[in-house]
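Heads up, the thing below is written out as structure tokens.
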């Protein structure tokens, strides 16, 4: 994988900085003949868009996607269709607010990539975090929307299952709730409590972390591959590339360490002439290959590092300093990570599907 | 990444099945001029070797590595040295005990990859799990030993920090304990308790999971790369390719979700003329790039799926069945995952080091 | 290599069709800290630009490049510098002349990719050849300009050495002539003859082929790598991706088949304390690795397939038909392949340089 | 492509030196369910094997292949079948004749990779050329035999069409002659003349070059891909990785430069309800995609650099020297390149086939 490319047969290459003229994504390897319009993409971008409520950064971006290549329409094609050529998706930055960057130019914001970018490259686009900004994830959401069209029978849904220390109750899970609150929370009761909690966090200039769960239904048994192309390995890699993610688990994940073999291994029974698992501790993956059950991934997002409390740091010149990260921020950056996690799930699955079809037919 | 290759500039390609004549590893991209003997590798293989005590499978393998290529010695080289050519490391299988495989040929063992391999490939080497056997990980340990020599200033150490539901206490952590018990446990008190616990598990024919922590000290700031080549993303991918791993976390991992921004973001101060972090919640990685702190990865291993209690399953012909997985098994496969986790850490770091040097000089 | 990406550590991903809104190139893996302005790129694009004289297509494109990402400037950087992030180079299409495409929509133009694109994808952007148009090569020229800055001590120069059946005389070779005629011809006498020859070709609505030679001076010994990453192999791949190229050779190339071992193997002598070759039949590459001599590549470009003589073909519906390819064309598309060949040489060398530095230091 | 891996979905990784214990090839990505025995491979190895007549090196190698993994047989499989796991093919070196290497250790043999390997790596396995020996090509031939089984409807045949300055006459081409002479020559008359010519070369301790043509029949229209995964580009790369190859061409190749558009572009007509080309100047590839015609590749092999005439060179210590390359050599190394070229054609096509199936279905 190169720095800015993800995937093998179906792959995205993203570019762009937080405060540059545009960001975007080149989707390569897409099968031909798929109907694709900006509307197929825009809805997903809108879910990730900043400034939609008081719980996300107040940056105002239209996040309007343009398809610059790879799609063709004439009077016989029945709409714009992919041609197999690279699909260039561009999103112009419209709200790169001009501001004074002198402080973050000099001082490394704790928890951010400022120090490590400087250590690696010796130069850093410090405006809004440059390339390390979560703004990059809009490109992935665009690419993920294309990936979904490659695997139309798979349904991918994400939800926030923990905000700060507050978890949802599994028994309250209702997918239809996810679109009814600003947190993509599937538990109405938890969502109401989170709103109060996050308002407190926001007003105090603090921040909190979150855990996101993404599920893919309709994945047939057989996608993925041993050994180093395992479906779970690629999902872990994919989620861990999302800004601020610090942990990934499949199925029962870390909880499975505390189980016994009797409890953990999902039993199988024939039902309606097909093998069916009686539980899904495995998260739909065995030996790196999908089992036909729901593929279930969970990832942890650390608290937003930009907070209003002064923190100890050092300057690029090697002096101790204190820094307060002013500006527009998400008190819980995990919220907007939900559509990003869905996009990465879609990209991994589309890529695995094409590779599976390549090897096995 | 192809199915059986891991890495980019420094890469391993492994081959071999549990009950075939041999397994092994081709290491490609190794820098030239490094002294390398079988002894540099054998010690790590011995740590992973089965049959060393009553807590690991009683399969008896010498796991003796042969270097078939890529190393050259003459009277002026001062020992055998890598030449830059591919290093072929071969381990012959010596204890492929002949047994009756008729049951696992017909029935899918729950928790194993039997069902998914059949679903994908339509054919399956069922002898001892074939390619899906953890035996493959010996090849990685061999490759990891070479990787360590590429980054001689980095110290990589692994330890088991949880067995079944029983965690160690951080305050008891003593690296020197790790080699004094059969569990790679850094907490002497926990090790004693685990021994009793695991004896019970073993005698009852059950199994338990584990959590492993691997730490790399001496990694300079600047290794890793945005966006899709993040050091943490590659570590997550690497650990998730290990058999039975269901979760990976970096630094505080899932616990960071419950923190606030004030607590989570590691502060920095100058000390002895260099930036130093006052804590390491981040696990040594910011923005996908190493910060110079210890790189800390943790992964969860599910309980061994082979147990002596009958489990419900189906046959390849589509009939309900019960199955007991007899044979030689690890009651806690996580034990032998410790040296494997170390090897994968070494491989990821060696590869990132070479790529860093390539781009940045 | 994916469909639209070339290179490993230094890599380009191109997108765009002949008659879409824009084409472009994402350059990934570029070292940081390199001064880079549009002017560094524009000069090379201008060399390739159509419509500069009567011997190239009359399409009018400004071919103005915009750098949308990967470069940063502040008051201390001494100009815009690469940051290590992906560099997005965009060229808008300004002369996608509206015309009637009904004929080439129905009928496959002999010698073009119309038939094979349809056979593969079942859909085809037939406007100006779509993705198969040589317009894509402008993106490479842009990427190649960045590559040159990665290897500043290497001088890359291309020249046309044969037009149709007419070859230059080696003894007349004068690099300073290359910029004095519309053919990048290093032989003033040949250039004058070619002008008359090509005018005849052009007026008759015919076309001719060409042979291009590209030389890189200043490549140190040691770039390239056995076995499948040989420098000559990657150069051959690179040149063969250029539209209409049908052959590639290194050094003496096909002529070496007729030599004896005594003549072909370049002898070596110490000169000024360094090994120096007394000839360069090898074209600067031995065993896939540069020898320090000039790297010399030659490639053959077939005649432009678009001609004014009616040709036999079939329609997409499976009927015999005749077709005349009207429109704006290059009578000798090899002319504009010269800067493209230079660009591909630069990209291969920059990539090999970074990989060499990665493995060997 | 890494140094020692070729291909994408279907890929080979080779290892081993001329005078090490073994060489071999890991084939990854092979579709499952294919019957594969050593006999499927051995016949191709035997064609390449040294020491079969006075025109190839007198090294005596059994070149017996062992399949160490990736194939499984039980009483129901109907023979040994690929499982989708990596196929390890090992060939032990049996005739690494012990000899004095002191001269080639000190002095760089002109035309060989000695100088460049040392320049790159600073260390060199000089015994028989080490990794740069053409012995490596046996591994490819083994891998190519597997590739052929992936594309059973494609017939791949190679022939030598020029030895030294002596070309065959196209009108004499008879495929059945290829197996009747030691040169894989399809022209009985030329073969007789070559025998006399090569005897002279051999007796004088000299060497000569050759041109090989490899043809693949039965490739359907649609394999290959724009832009950087063009079928012709990958074939050029593949052939150029073969030892001593200095040029590659597709179809008319360099001769096409001298044609006009009218002559070069192959016309199409419907025949038996299918499009059929009336000529094949293109060598079966248009726009990087197969047209359904025979795919035709030609490559030039330089004369063997090892000759009995003293040549000027330098030593590793930087002193002028003369060197005679004694030992066992091929007077025309192009002969044994014929099966190697066939193998590379097979590998490229198998890989393109799988990728095509992946993207397009």
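For the reader, a short list of remarks on this structure follows.
Should a chain be cited, it is by its letter among A, B, C and D, assigned in written order, with residues numbered from 1 in that chain.
Note that a residue touches a chain if its C-beta (ideal position, glycine included) is under 8 Å from a C-beta of that chain, and two chains touch if they have at least 3 such contacts.
Model, not experiment: these values are computed from the prediction.
Averaging Cα atoms per chain gives one point for each, and the point farthest from that of subunit B is the centre of C. By the residue-number overlap criterion, the interface of subunit B with subunit C counts as same, with over half of its numbers used by both chains.
Averaged C-alpha coordinates put the centre of subunit B at 38 Å from the centre of subunit D.
Each chain gets a centre from the mean of its Cα atoms; for subunit A and subunit D, those two points are 45 Å apart.
Centre-to-centre, using mean CA coordinates, subunit A is 38 Å away from subunit C. Each of residues 2-5, 8-9, 14, 29, 32, 84-85, 120-122, 131, 225-226, 360 in subunit B touches at least two other chains. Looking at the complex, you find that subunit D touches subunit A at residues 9, 29-32, 84-85, 225-226, 354-355, 357-361.
For subunit C in complex with subunit A, the residues that touch the partner chain are 2-5, 8-9, 11, 13-17, 20-24, 26, 28-29, 32-33, 66, 68-70, 72, 74, 77, 81-88, 105, 120-125, 130-131.
Here subunit A touches subunit B in the complex through residues 1-6, 8, 14, 108-113, 115-117, 119-122, 131-132, 136, 162, 164-165, 201, 206-211, 220-230, 232-241, 245-270, 273-275, 278, 281-283, 285-292, 300-307, 309, 311-314, 318-320, 334, 356, 360, going by the rule given at the top.
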